[in-house]
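Okay, so chain A shows up in both of these, paired with chain B first and chain C after.
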Partner chain A sequence: MAIFQKAYQGYAGELTAPLQRTLVIFRYALADVFQSRIFTAFFLLCFLPSLLLLCVIYTYYNLELLMQFEVPIEDFIAIDGTFFALFMQYPQMFLLFVMIMSIGPTMISPDLRNNAMPLYLSRPINKASYIFGKLLVLLFLGSLISWIPSLILIFLQAYLAGDGWLINNLHLLAATVVTSLSWIVSLSLLAFAISASVKWKAVARLFFFAFYLFGSILGEVIKAVFGGWGGGLVDISSAAEVLVLAMYDADASYMESSMEMPIWAAAFMFLAVSVLAALVLTRRIRAFQVVS
Partner chain B sequence: MTDALLTEDTISSDTTPTKVTPEAGTNKLHPAASDDDLKRRTGNRESELEPAKQRAPVLEFDELCVDFDRPILDHLSAQLRGSCVGLLGPNGAGKTTLLNTLLGFNKPTSGKISILGHDLSSGDQFVRGMVGYMPERDSFIAGMTGIRFVRMMAELSGLSPKIALERAHEVFFYVGLGEARYRNIDSYSLGMKQLAKLAQAIVHGPKLLFLDEPTNGLDPPARARMLQLIREIRDSGDTHIVVASHLLQDIESCCDEVLVLKEGRIAKYCNLEEERRANRKFLLIQIRGNEKEFVDGLRSLGCEVALPNRRRIKAILPEGVEVQHLYALAEQMSVQIRNLDYKRDSLEDIFLRAMDED
Partner chain C sequence: MNTRELTAQSMKVPQLIPGFSLWFRQLMAITRIEFVKALLSRRALSCYGLALIPVLLLTISGFQKNDEDLPVFETIENARQIYAYVYSTLILGGVIFLGSAAIFTSLFRGEILDRSIHYYVLTPVRREVLVTAKFLAGLASAFILFGLCAGICFLALYIPFGIEQIISDLSNGIAMQQLEQYLGLTLLACMGYGAVFMATGLLFRNPLIPVVVIAGWELIHFILPPALKVFSIIYYLKGLLPIPLDERPLAVLVAPPPVWISISGMLGLCLLALGVTIILLKRLEVRYTDE
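Take a look at the complex of A and B:
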């Protein structure tokens, strides 16, 4: 044993690989997140929409069951890109927003408030590893409630539909992964940037919500004043809507989309939010403060 | 120890303090210091007592400059070889900036730094794996128990979860917080937080330990305990220590070398033992009687004599002259010796001299 009860001795054993140290931050942050019973309950509820959809898809292909409940099959909309965008992607994005708002802004601020950064950064990890470790928590949890169940649902639909449905709708696989990951990464980095700038968790959450809300309002105002799709560049929810419509090849008449921005502008919006948030993070996360 | 025992809840029963006796070397979890171990440790200390110049430098900086909006460190060049180096200086002298630079927190404007023979600029991450750091300010991760906090820090330093947990328990007992290791760190007193900070700094067995004001805010017993721990770590020979402090007594009690900074420059760098040897022990004598005659008598015995103030005589005795010779001289001259004291230049004298020199 390396440290004796009454004497000190160094450690000369094996060390883990650098990637494993990033995973240490992930593991501990993940455990911290589930210390809240309210969050745990919410997280479990996040699986409910996917389970409901699973039942719907199963029922859709079970004629006997439909006839038993006297449901005319023509009342069902077709299970295609529009269906998945409307009933799967949008609810998931809302749940992701709530999840990221509840835990994202609380992940960095306690470390900064308690001056923990010198402890992290004096060890063989850097800022990027620290941020990535924290981001992995939201990516992991977000994936569990978004694109992973979506893929299962799409594969179930493909299995039940048969007749080359999957080949015709292959774009849905990419759509669910890309839109979910874009949403998770950009919102998470935004939440972290706010968390790194605001010391108190509740205030950080409020700022995060305000960013979303005021972005939407400002986008509408810009659209009303100047017209066109320029307002979408400050409204992340509109950008997300445009991305979903385009990627799922969905019927826009079912959506409430008010911004007719091109997909490249929506993608640029996500990229810009992520890059700006990352810049704020790298500036705010430091081991010491310079007193001038 | 089996894997099944390796949970935070169950390991506690295994790690209750076991009585350490010279014969108790069979305890797997806490083997007592065996003869071999004692030899090794004594051997290490002996090697530490080698002349400082024979040892490889622990820290080396060459023309190191750090500027923010003004120069903070100004062309520092030194090779620190001590097993425990004290970093002294008045407030704003650049002690913390130097520590931050050595830890890679801020990049030097110019100059080179080498830690344990490794260039800091070429391998930040590698060097940080060998380093432990105890910051001056309160630093911890909120909402964690002490043991979880230290275990996490050990894992971040590259220890496997299993070894990190074992060492976290052991290091908590080592610093004297064994009974409080399952308490939330937010509830620790200031002294306990200092010890927890030390625990996280040494849990991965660093080769170089940076301690920034380790006795800050501690009461006398806690301060004595902290200094004792620093001396023990130093004497283990496994870890070199750099202590930044403005408390001269703390530095004097545990350091063998001192680097004094003043306005971002090195005002003095010395080996304390050599400095003490160079500043020979002198006698401070107070007498009643004929002072001039007594001083002449001292000189006739071969003593170097100085008169710093009235009725006080500073005398350095040559080889072969003992205190009883002074009493004999006083009796012969009918002079009464009222006070006689051995004195030596203290670290305070060295520090104040360094501050006075431009």
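Take a look at the complex of A and C:
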């Protein structure tokens, strides 16, 4: 039969599960990310702080080793919420920021620029699946370098410390998961929103960095001019700091917290950024495009 | 004389005799085109947004009270101090830095991304003229935008004090003197950052790398030893502020450079960066598929 004689007929076969379709987008996006050797090297480097911390915790409970180095035990700070917030959560959040800045803004704009969206959305994939598939890449990679190694470190500390340490510090488990996931989700959605609004990925990365830098400068200036914690509402890094301090029950004197912001305001900041970014994303991602 | 000869004679043949007259005409033509692109295109919207934020902040400050229920601008001296802080932190460190990065990086990198640089490269224009014209267009648009931002913010200081205070400050010369200094500083900052970002726009395919590196360097300049401070742009600019600000904790204190060193340093940097851009442009091989 000649091709022109074939009429369109919708697919009548069995569809795969929605999550399975989302995982296709995830798989291809993940493969794209690891095509860059620089990113692969950076990603491996992200495990270094956790490995170092692992060595520190092991050494802390190994008296013979400490005696070899002639270090008095009193010189070590206690391994508690402050320790984990200061040496684990902050470095991880910095690495997460760099990771999301390098790959997040590049994930949507090429699809929009090359008119690929109609091709995606003409399949049984909706906007939410598309966004979630892309988000899963950042969630997966971000989790691998943040809360998963953190949980391992906390469990190692609990095992070595014994004496009900884990029961006394049970909040640390929730703290690392909640702060890491809030940071990953809000920054990723922000990066996607910028990526969907800007044509070129290089420019999208620049915008993401500018948003972060300008937000922190503006937050500092608002605090200096008006006082109070209002500046924290435009500075996502301050909100993250407040969330970490509160969730880890950390000693604020170790960490110079720039905003005395209530925790609900910090949580609201994360929620607002995520919701606004999701709104921009749903507006920008459309099933039809003017093919130029 | 037949018709063909008559037509040929009356046709306007482009006068491409090399010399200052031709270069100047080309310079003006490119500057005009680039100025419109830099200031009136959709791409400029982000810069408008950036420039609007300090204006809004200082306008609101004029009507607001702080967390101790006192007016933000208690006295005019206090208002000038706040303006000096806002200018050096937000306008200089945020608006002008990021705005210059957006405007000047896109002068060449934007053309490469839009796949239109070959139109310029194929025309019989000297690379020196092209670079100078683009730089002047970028500088003019950045100065108009950020100079207006600095000027309007300065005027916003007088909101709680009324027209009498403005007249008094204008008549005794304080307002004009400070405004001139701030505008001069804005021009120098646009020149310095702009020239550097124009060169890095050609040098790096990913404009984020130079912007992050320069931003990091400028952010930590206060803790740098004096020998390294001289390599940061903000060191020369902060020395020209009409009201000196307190340094942050941990800062390495150094006397600000004399005014003539600051100005000639910025001019020197600008010439050096323009020279580098010209060399880079002469060696440029356009491969759009790499972008």
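The rule we apply is simple: the second predicted complex is superposed on the first by the 273 of 292 C-alpha atoms of A that agree within 3 Å, B and C clash if a C-alpha of one lies under 4 Å from a C-alpha of the other, contacts with A are read in each partner's own complex, and residues count from 1 in each chain.
Definition applied: a contact is a pair of C-beta atoms (placed from the backbone, for glycine too) under 8 Å apart; a residue touches a chain by one contact, two chains touch by 3 or more.
Nothing here was measured: the structure is a model prediction, and the numbers come from that model.
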Partner chain in contact with A:224 - chain B first, chain C second, else both or neither: second
First, second, both or neither for A:280, with chain B first and chain C second: neither
First (chain B), second (chain C), both or neither touched by A:200: second
Partner chain in contact with A:35 - chain B first, chain C second, else both or neither: first
Which of chain B and chain C A:209 touches, first, second, both or neither: second
First (chain B), second (chain C), both or neither touched by A:86: neither
Comparison of chain B and chain C by chain A residues contacted: B
Doubly contacted chain A residues - partners chain C and chain B: none
In the complex, chain B residues that touch chain A: 17-18, 20, 28-33, 37, 41, 68-69, 96, 100, 103-106, 124-126, 128-129, 131-133, 135, 137-143, 148, 152-153, 155-160, 163, 166-167, 170-171, 173-174, 200, 202, 204-207, 210, 232-233, 236, 238-239
In the complex with chain B, residue positions of chain A that touch it: 1-16, 18, 21, 24-25, 28, 32, 35, 110-111, 113-116, 118-126, 286-288, 290, 292
Touching residues on chain C, where the partner in the complex is chain A: 46, 50, 53, 57, 61, 64, 66-68, 72, 82, 85-86, 89-90, 93-94, 98, 101-102, 105-106, 109, 113, 205-208, 211-212, 215
Sites on chain A touched by chain C in the complex: 101, 199-200, 202-203, 205-207, 209-210, 213-214, 217-218, 220-222, 224-228
